[in-house]
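Below you'll find the structure I mean.
Read from first to last, the chains carry the letters A, B, C, D, E and F; within each, the first residue is number 1.
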Amino acid sequence: MCLAMPVRVVELLGDENAIVDLDGVRKEISLALVEGVAVGDYVILHVGHALEKLDTEEAQRTLDLFAEMASQADGAAP
Amino acid sequence: MKPDYVKPLDRRHGRVELSQGAGGRAMMQLIGEVFARALGNEYLNQGDDGARLPAPGGRIVIATDAHVVSPLFFPGGDIGCLAVHGTLNDVAVMGATPLYLAASFILEEGFPLADLIRIVDSMATAAREAGVPVVTGDTKVVEAGKADGVFITTTGVGSLREDVDLSGAHARPGDGVLLSGPIGDHGMAIMSLREGLAFDAPIVSDTAALHGLVKTLLDAVPTIRCLRDPTRGGLASTLNEISRQSGVGMVIEEAAIPVRPAVAAACELLGLDPLNVACEGRLVVICPPEQEAAALAALSAHPLGREAALVGRVQADPACFVQMRTRFGGRRHVDWLSGEQLPRIC
Amino acid sequence: MKYIDEFRDGELARGLVRAIAAEANPARTYRFMEFCGGHTHALSRYGVTDLLPAPVRMIHGPGCPVCVLPIGRIDMAIALTLERGVILCSYGDTLRVPASAGLSLMKARARGGDIRMVYSTTDALALARQHPDREVVFLAIGFETTTPPTALALVQARTEGLKNFSVLCNHVLTPSAITHILQSPEVRRHGSVPLDGFIGPAHVSLVIGSRPYEHFAEEYRKPVVIAGFEPLDVMQAILMLLRQVNQGRAEVENEFSRAVSREGNKKAQALVSEVFELRRSFDWRGLGEVPYSALKLRPAYAGFDAEQRFDLTYRPVADHKACECGAILRGVKTPRDCKLFGTVCTPENPVGSCMVSSEGACAAHYSYGRFRDDD
Amino acid sequence: MKPDYVKPLDRRHGRVELSQGAGGRAMMQLIGEVFARALGNEYLNQGDDGARLPAPGGRIVIATDAHVVSPLFFPGGDIGCLAVHGTLNDVAVMGATPLYLAASFILEEGFPLADLIRIVDSMATAAREAGVPVVTGDTKVVEAGKADGVFITTTGVGSLREDVDLSGAHARPGDGVLLSGPIGDHGMAIMSLREGLAFDAPIVSDTAALHGLVKTLLDAVPTIRCLRDPTRGGLASTLNEISRQSGVGMVIEEAAIPVRPAVAAACELLGLDPLNVACEGRLVVICPPEQEAAALAALSAHPLGREAALVGRVQADPACFVQMRTRFGGRRHVDWLSGEQLPRIC
Amino acid sequence: MKYIDEFRDGELARGLVRAIAAEANPARTYRFMEFCGGHTHALSRYGVTDLLPAPVRMIHGPGCPVCVLPIGRIDMAIALTLERGVILCSYGDTLRVPASAGLSLMKARARGGDIRMVYSTTDALALARQHPDREVVFLAIGFETTTPPTALALVQARTEGLKNFSVLCNHVLTPSAITHILQSPEVRRHGSVPLDGFIGPAHVSLVIGSRPYEHFAEEYRKPVVIAGFEPLDVMQAILMLLRQVNQGRAEVENEFSRAVSREGNKKAQALVSEVFELRRSFDWRGLGEVPYSALKLRPAYAGFDAEQRFDLTYRPVADHKACECGAILRGVKTPRDCKLFGTVCTPENPVGSCMVSSEGACAAHYSYGRFRDDD
Amino acid sequence: MCLAMPVRVVELLGDENAIVDLDGVRKEISLALVEGVAVGDYVILHVGHALEKLDTEEAQRTLDLFAEMASQADGAAP
């Protein structure tokens, strides 16, 4: 029910709307709940509305953390 | 004076009328100018209550499907070609060579003749390309509001070689599960047009006649256990059907199942599982393990099977569960489609 | 899919599995509740459950707004469509929720109810504009994630002066439900079924931020890790919870930092509080009455409130006696403990709330985990 | 735990739901508890995408008809038995022995299961009495308001003896035109229920499977030229069809055409001509003149042909007109049904 | 069928054929017009035409209210349903009458018009009661026979206070049409095409009685025999006309005495004149404008008059140039004289009024008599 | 269009309605336009309404007339 996913904004339309893209699938959504979105930004889409911008640097940090955890585990294991 | 002169139909602006289903002159005209004109062949042209056909030789296979897809026109096809493919494929997956089609139309009063002509022409093209004539048919017209434009039921008759014996009941532990190509294209092509949801995507229906592919496969591997086209309910339901019929379980590999990126993305957007999304031009093949490689090679060599893959294996399981090993290496149950998830796709 | 596929990477997953296994103390048990259906789904769908070491046990919480919608609320919606002739629209998830008399919205449709599935509140407004001669009611459900779009639609409807649009509001609040579980007599009584920590909501937290969870961590001494809905997010959160437990910490940590901030989405929050106010109490299917756990429309929006507009009264309907949902939602029992599971109660004919949506504990086990029961 | 336990359908108060057409577990249940339960036989129970059937022997005949009759239940029958008879008869009038039926259902969301069960049971009874099994089928469910309760398309396959060669194109000047019984019962039984018109009358549909009668007739007179069942459009349209196909004319005798008094009276009330009213259990026979007596005797000896009569004669006429000598001795033209006159009768 | 079958008896028919043959003077021609479509139908349907001796020639008159309904009146009805969204109901006969732009009510239905066939004005009223939220318009057509039931419905609607029911009135008057034909320049000019007598209406006369025809007989010196619609009735009337002509009489005789009186049905007449009044002029398809030949609603019923309620204006539409209907209706030409007959103009695609209903001259010839053209 | 036929009244209902019969076919019609109809009477039915009573004696007289005409003709012929 809380289904939401990151999508890339490819075009800003009038009326606080935008076209977003997910791997070639494009859809018109509302940006009325977020501020300062630019083309190229990733937003979290839920029931036709962007709920937040995605912080791409934090995303990378999280992925790095996963890798680090794994390597720690491997280091600790033996 | 010509004895039964009738003013030609208005093929551009005309609409289907109740009189065209009443059994009189108007019906004869519709049949002549729309159906016979596009689909005509020596059998259909007999003009009797059914078609008289040569002896098919050995055993026969009969399959029937009503087509109620909405919308009627979609990326990659329409209800006309779908009605040909949908039934031919059911004949083909029985291992039979499709010989003849019967087509029965239920038309809604007011349906634009131009659309009907487009549909029947598409049907004619699909039948011609498949080499399977529509030999007999029927047309009914119902009042406006009592149907949804056009429904087409097709029935296919094919001949079955004595040495072929395919059934959903023949899967055995150890057998390989093969798929002829990516799943979900058809269902998602329809979904992309669904009112209120509409998205733009480079997705076209995979609707296609599979009997050529089946022939190639059976010629190469006559010991195939079972074929099935994963239509309504998707791959998940098809595998559950076979498992239940054969009294076996299966394990499929998520990473091995081809799904086009746009289909995967559309599923993500809608919260759907590609395993539940219909195909109309894909084949599920259950094959003895020692023939897997040959089967895969045969499929891959055919234009409709280029992306074929070995996706899983049958295993003993009295509970007939279909399981999936995810990309993570974890297992999960793959259940039948539960409830109704998609618009009318076939 | 950028920022999705990376969080489903099998290679990284195997690393995290090893890290979890290394962190988990085989001599004890860890009982973590993932509050959200989204987490439940990720665990099931990707087979994560299968990869967790024996000491780690996941409890599926009440975090599926479809599952917790009580029978009586659906009854109100059905009455509106069958008896009052309104066009009732809602998100697809609600259509199969069982109501009284063997009905559901889907079954009410089959009995002639004009019930439409919408994908967004924008579509609900469009329906009202398309049918000026009909009453259009949007059956609103959802947690904090889903509330802002409803608020937006109501503001829009008021601005436009739409006369035929109203909302039957069932928006509920996550923190109240968590408090309720922590305070439940069973959970407090049974020393034998402690909860050792929570995976906090992903998309709810986008809106409300991580701050509201700080209270639990302090008050109940339970670690909370807010996590995204991708499987690696959940695994990382489990690892983080394990570490907190092993280190004796009880903090709020934020694994989903790429989207969740401490303060949340202020614009959305402001909109929600403009349109909605707290309900004194709301009946949660499986949990019962939970004080201050839901929203209703403010008096300024009374004209758009379907409950007022159609003078509706909520009549609670008892859940099936044998249904163990309450205990399951509190982490006291599992679906397998319910006599009805898989026989009387299946996804096609759900009896209790946990079987309703695929994110419910029973449905997830039925659809994704059942094969393991015979192991 | 049974692996796929599903709570049984509510056969009394349940209604058709969209999920029952979606290809998942709910569909399997509907098929099992309603369709397979009533219609089951060794072929249908194969449970594959079509039916595998023994070699039919010689040539085959295929006929298909969509059934959209409204109302679904009428005096003397319902859409279920009609769907069996309607198609069997088209196979039979080709001179073939019907062997198998395929049945495809389009159900409207919300249709009462109790009515569906009644219809399927009636179909099963009709198929059993006819000795022709339903060997394969299909079920689709469309949204409420997109159909009219139930539509059933049936397709029949029959085997055709080498020595039989019937066609609407074979009528020759001098041939006799025979009719197996009174006309118009079926159409008037439907009409009696038409909203706004409703009348009470001792009229029941003549719907019946004719292949037994056809066999009796062909055994006695193998040189029959043509058989046809005068359904939509009535006797008038059927005779016009044959005349046009054969390039001949006909003269029929009004006084010789059997019409039941209540049917004649109902036609009178509504301003209809019985010649345009449908039958679903009558046979038109075109027969060489020297065999007329034998044909009439064979028909009359069968329960479905007791009221058989010689009603006219084929004559040379390049304009292909069907004429009638009235009770007065005057002649008139008998035209095709023009326009739409009746509710949905088949 | 008592009182029907006796009047179709083949034995008696042969007797009457002999009597007609004996009465007809082979040295001359008798041209009789049967005014009514009902007589045309009886002549065709029973093959009577085929039995008449050569000197007797029947001219099919304009006595089919469906045939004479002009294009512009159907256009009004179509506009009501397609543009104003009313439920339009009428007798089945009107549904195929061609209108402008290739339409007809049947084709308008196929384009989404809500058009219902009714069998009685009672059904039209019932429709209005069933759909209080919709406008229901009854397209009323017919001669004096059919007018009283419409009058009855209007009285009933007014008594009940039905707010959503109205009538688009096209009721026309037989005597005016007969007068018009007798006065037409062609008929008077062409000494070559005289009419020697009329078969007077059967069921029209039930209502208006035989008295109105006395005027013609006197004024125009034409014999009139009122006859029933059964074939023996028509044959007897022909015989009676032959005798009047041979004896030089020009009287009104009543063959249909089992149902028609001199005064007609006074109750029905009173009802009709309570509800309706004369129109100044009405456009008859095939005949053109005929003064005082139709009815409209009286001011007391203005609220039920669809023309006033929906502010409709009649726009005449010219008939097809090649159509010979006018001449055929006046007895000057026959269907075979029309170039369009059977090619452009057929019952499926009628061009002119005579092809519209099976009672029209061209349609009757097409459906019943065409085979004779090659003789 | 002026289709009408004689039918026999078999039952008087309230509200000026009646059940009529034609060779076993029964239908409810309105008698509002005619007066003094009794069960057993024949009426002329048009669009659901009785328009007149049928005078059965006149009907017989007409039939007798047909026969007489025919016999006159036969007498005159030779």
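Here is the rule we use: a contact is a pair of C-beta atoms (placed from the backbone, for glycine too) under 8 Å apart; a residue touches a chain by one contact, two chains touch by 3 or more.
These numbers come from a predicted model, not from an experiment.
Across every pairing of chains, the maximum count of C-beta contacts belongs to B-D. Comparing the CA-atom centres of all chains against that of subunit A, the greatest distance is found for F. With centres defined by CA atoms alone, the chain at the far end from subunit C is F.
Because subunit B and subunit D share one sequence, their contact can be compared position by position; here over half of the interface residue numbers appear on both sides. Centre-to-centre separation of subunit A and subunit B, using mean CA positions: 37 Å. Work out the mean CA point of subunit E and of subunit F, and you get 21 Å between them. If each chain is reduced to the centroid of its CA atoms, subunit C and subunit F end up 76 Å from each other. Centre-to-centre separation of subunit C and subunit E, using mean CA positions: 72 Å.
Of all residues in subunit B, those that touch two or more other chains are 17-19, 25-26, 261, 264-265, 268, 319, 321, 335, 338-340.
Each of the following residues of subunit F touches two or more other chains: 3, 5, 22-23.
Counting partner chains per residue, subunit E has residues 1, 4, 14, 106, 119-120, 123, 348 touching two or more of them. Pairs of chains that satisfy the touch definition comprise A-B, A-C, B-C, B-D, B-E, C-D, D-E, D-F, E-F.
Per the touch definition, subunit E reaches subunit B in the complex via residues 102, 106-107, 109-112, 341-344, 346, 348-349, 373. The part of subunit B that touches subunit E in the complex is made up of residues 1-2, 5-7, 10, 13, 15-19, 25-26, 29, 109-110, 144. By the touch rule above, subunit C contacts subunit B in their complex via residues 1, 4, 8-10, 13-14, 17, 44-51, 96, 106, 117-120, 123, 231, 347-348, 358, 366-372, 374.
Chain contact summary for the complex, subunit F toward subunit D: residues 3, 5, 7, 22-27, 45.
Put simply, subunit A touches subunit C in their complex at residues 1-6, 8, 22-23, 30, 32-35, 42, 44, 46-49, 51-52, 54-56, 58-59, 61-63, 65-67, 69-74, 76-77.
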